[in-house]
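Next come the structures, one after another.
Next, two complexes with chain A in common: one pairs it with chain B, the other with chain C.
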Partner chain A sequence: MKRVPCSGCSLLCDDIIVRSDGIFIDEVVGACIKGKEHFDQVTAKNRQTSPMHREGNNMKKIEWDQCYNEVTELIKKSKKPLLYGFSTVSCEAQLEGIQLAEKINGHIDSNSSICQGKVIERSKLEGLTLTTIGEVINKADLIILWGANPAESIPRLLNKTVFSRGKFRMTGREIKTLIIVDPVQTASFGVIGVRDLSLMIDPGKDIDLIRVLKDECCTADSIPSEGVAGIDTDDLKRLLLHLTGAEYGVIFMGQGLLRPKNDYETLKEFLELIEMINSKQKKGRIALITMGGHYNMTGFDHVALANYGQTGNLNFRNNQLEVTEKNTIQKISSEDFDLSIIVGTDPISHLPANLSSKLMKHPIIVIDNKKSATGEIADLFLPSAITGIECEGLAYRLDHVPIELQKIINPPNNIPSDEEILRELLKRLKDGGS
Partner chain B sequence: MEFILNTIRKMDNDQAREYALGDETTLKEKLAIVILNPDDIKQLNIKQGSIVKIYNETGFVHVKCIQDEKVPLNMAMMPVSIWSNQITRVINNELEYKNIEVKIEAVDKPILDLKSILQKIREESR
Partner chain C sequence: MDLYKFLPKTNCKKCTPKTCMAFALALLQGKVKIEDCPPLLEPKYKKEYETLKELIGSEEGQEKELKINVDTELCDGCGICVTVCPVNARYCPPTLSGKAPDYPPDSHQLFQVKQGKCELLNIKFCRRIEAEGRERECRVCETYCPREAIKIEYV
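And then the complex of A and B:
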């Protein structure tokens, strides 16, 4: 029996017990449904374990050497390669990916830039009070889920934060208040207790609630008598009381607050609200944890920031990082690319169809350990080992804490890791010039 | 009828799982759906399991209708997938996955499977 972290989602639970002889995994104990399914992917019937290339409408198996040659040929022909994904690979693979982009003068970005990475980007201007899961367990007496539904997306988050007992919270659930702000009665509402607060906000009206809370932080009794955004005055007062009275509060923020910029910026005002509350708070503070789903989405931000000074959207020209105003969405929209290298993600499923159709106009190389819609239409597919099961690597948990993922068994057909594939491509391009 | 569409992540309707562990049938069964309030379903004059067309200025998609009383009136929810992304959009160079204005109506048309929907996107790219 061995204790390992699970790379099934961004919580990276490090208390999973597996029984394995090094060849097969016989038993997994302590994983949620999502984690269990992640381990099941090792022997999934749809898993590809050989590299493939496109012949007409079909994908045909080829040898690794031929596959690497075909990939490097496509890269050499490309003038504007786009590298995208990297949120379900290790930090080591992310660094190899960035170095590959530097070598081939590409544009590289991760899923983070269209998801929770927006918060890190925005926080450069507004500031950000972060915390860790450990601190939440030990200290939090207020837990807010704002536009987040961890019961379905990060299943063990509530066990670890709401139902846990910590150093200064030995009474556990009894001392913790849970507040959920959501337009839909999600599965997470199922854990609401009598002293908790469920706020069914009108869809898209988060900005109105944020502004009222900001006003109330400055001027007492500015809550409108008719309530705001579908929330009545009594609930608003209770919310404000908890926000300003908690000893240690944490807001888990979901995708619901990441609206595109209109005539206002929800995210900007949300971060301002947290800072205002913290300046008003006399005895405690409120911190923020973003709820990215992919297990190492946060990692790319850290790797890129530590090595190249920005969290994503890295554009290289003449093997140098270049300042660009264009984000990846603009790059795809304006077809400012002629080849895409997709690593560990599925943009054809994730992106709006009009962007998918633009990706499809140019050759697509996919490196992934599972089947996907993007893999279905790829020109070349390179299967990789599953990090955290078949190979080791570093990943950043959703609270920005680095966790070492471990190898438990050998991958089928000895397929290489994402890191090894990217390193081999980089080596071949360096040896052959580009 | 007009609705506000939110794309969501649901444990039972997870595209990564369906691609890895499911097949063409379960992929369509689990992901090509829209979840509506039962009262809205009555208003649309359809039943649970009926096929509806969801459309806006971006595009359209045919999916199966599922009822859930927890969904607010005039709100539609779809699991994130290639089907929901037929009607999501780009605004100010950012992606809009939430609070998208759509119209929904009953249709007597088939739901496209993954291969057909990929073919449709490919044709649009030409």
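And then the complex of A and C:
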């Protein structure tokens, strides 16, 4: 019985007990239903263990060598390849992916750029107050969920932060105040207690609330009498009291704040608000944790930032990084690509129909550990081992803490990991002198 | 308060709790029986005695056996019940910081999350059976379950 990290979601719980005989996983104790499903993926029906290529309307099994050759052929033909995904692979594989993009003059991006990457990119200007889950357990007395529903997206987050008892918060739930800001009554509202605050904000009006809070920090008597964004004056006063009076607050920011319409402005104001509170507050501070869903979404930001100084949208030309205004979504919508390499994600079912239909017009190479809608329409499918179960790797938790994922069992058919696949492709392309 | 209405309200000090108000509370908590009040047995209070017996009798009929139902369809294995349960906190130190308790479980452990679903292990150490006084009214697992999968019942 050993405790292993689970790579089911971005929380990367490192306390999961797994009983295994080295071939199969028998029992998983402590993991939530999401983690359990992730461990079940090893023997799931939609698991793919051999490389496939397209023959007419059907996918046909081929050998690895032939598969690599076909992939390199496609890449050599392509002039503007697009590499997308990289959120559910290890950091080593992400680095290989970026090097591959550099070699083949492609555009590489992760799912992070339409999610929390916006905050990290933005925070280069405004600054970001970070914290870790350990600090939240031991010190936090105020936890705010803004546009997030962890009870459904990251099930064990509330358990670890709100309900845990820490060194300086021995009474646990009783001393920790929970505030939820959300337009709909989500499952997370189920844990609201009498001391907590649930704010039902009007959809898309977050920016108004943030602006009022920013004004309030300066002058305490300018609360609008009719309330703001569907929140009445009393609740506003209580929210402000909690924000400025907390010893150690943490805001979990979800997708709710990243509305495509005005997210740039909202994030700017939001980060400024946190900075303002921290500079005014004498007792403690407020920190921010962005809640990405995929387990290594934060990792891509770190790998790209450390090696190329940019969190996403890395565009290479003549094997050099090039400044580009277009992000991946704009690239797909203007069809500025002629080949897409999708690693560990499923854009066909996640992106809107008009974008995914444009993606389908060009050849698609998929590297993933399971069948997906993208895998079904792909020209070439390369199966990979699941990181954290069948191979090792480094991943970044949602609070930017690196966690070493472990190998528990051997992969079926000895399929290589994402890192090995990408390295082999890079090696073959270098040998071929492309 | 409903029970107090039917007591003699004389504070005769013949029973253990001494006052009628305290007796009513003790009666509600099941610490004393109706027969512990001597004046009630007198023919003068026969009507009140019968009404009280009906009231208490119906409640006693329900308070037979504690049952904690965990709906595995609704449960998503978040483990809030494991962390928040005061009995688990006493016997399984990892749960204090929100971690999964050791496996195989401690003999006192009440909840564990196994195969992604919550499991009730040993109901006889639940505070609703073991503890005294206010601690006996513990309902934290039911209150804080975000999926409302845990229901405490008496059958």
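One rule holds in what follows: the second predicted complex is superposed on the first by the 430 of 434 C-alpha atoms of A that agree within 3 Å, B and C clash if a C-alpha of one lies under 4 Å from a C-alpha of the other, contacts with A are read in each partner's own complex, and residues count from 1 in each chain.
One rule holds in what follows: a contact is a pair of C-beta atoms (placed from the backbone, for glycine too) under 8 Å apart; a residue touches a chain by one contact, two chains touch by 3 or more.
Given the structure is predicted, the values throughout are model-derived calculations rather than measurements.
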Applying the document's definition of touch, where does A:54 land relative to chain B and chain C: first, second, both, or neither? neither
Check the residue A:371 against both partner chains and state whether it touches chain B (first), chain C (second), both, or neither. first
Which of chain B and chain C A:164 touches, first, second, both or neither: second
Chain B versus chain C as contact partner of A:155, first or second or both or neither: both
Does the superposition put A:428 against chain B (first), chain C (second), both, or neither? neither
Does the superposition put A:349 against chain B (first), chain C (second), both, or neither? first
Is A:358 in contact with chain B, with chain C, with both, or with neither (first, second, both, neither)? first
Have a look at where A:17 lands relative to chain B and chain C in the superposition and call it first, second, both or neither. second
May I ask you to name which of chain B and chain C touches more residues of chain A? B
With both complexes superposed on chain A, which partner does A:211 reach: first (chain B), second (chain C), both or neither? neither
Following superposition on chain A, which residues of chain A contact chain B and also contact chain C? 33-34, 37, 151-152, 155, 187
In the complex, chain C residues that touch chain A: 75-80, 82-84, 89, 94, 96-103, 112-117, 143-148
Within their complex, state which residues of chain A touch chain B. 33-34, 37, 40-41, 44-47, 114, 149, 151-153, 155, 183-187, 200, 203-204, 255-256, 259-262, 293, 327, 329-330, 333, 346, 348-358, 360-361, 370-373, 376-377
Mind pulling up the chain B residues that touch chain A in the complex? 4, 6, 8-11, 14-17, 19-23, 58-59, 70-72, 75, 77, 80-82, 85-86, 88-99, 114-115, 118, 121-122, 124-125
Chain C-touching residues of chain A, taken from the complex the two chains share: 1, 3, 13, 15-17, 27-37, 137, 151-152, 155-156, 158-161, 163-166, 172-173, 187-191, 193
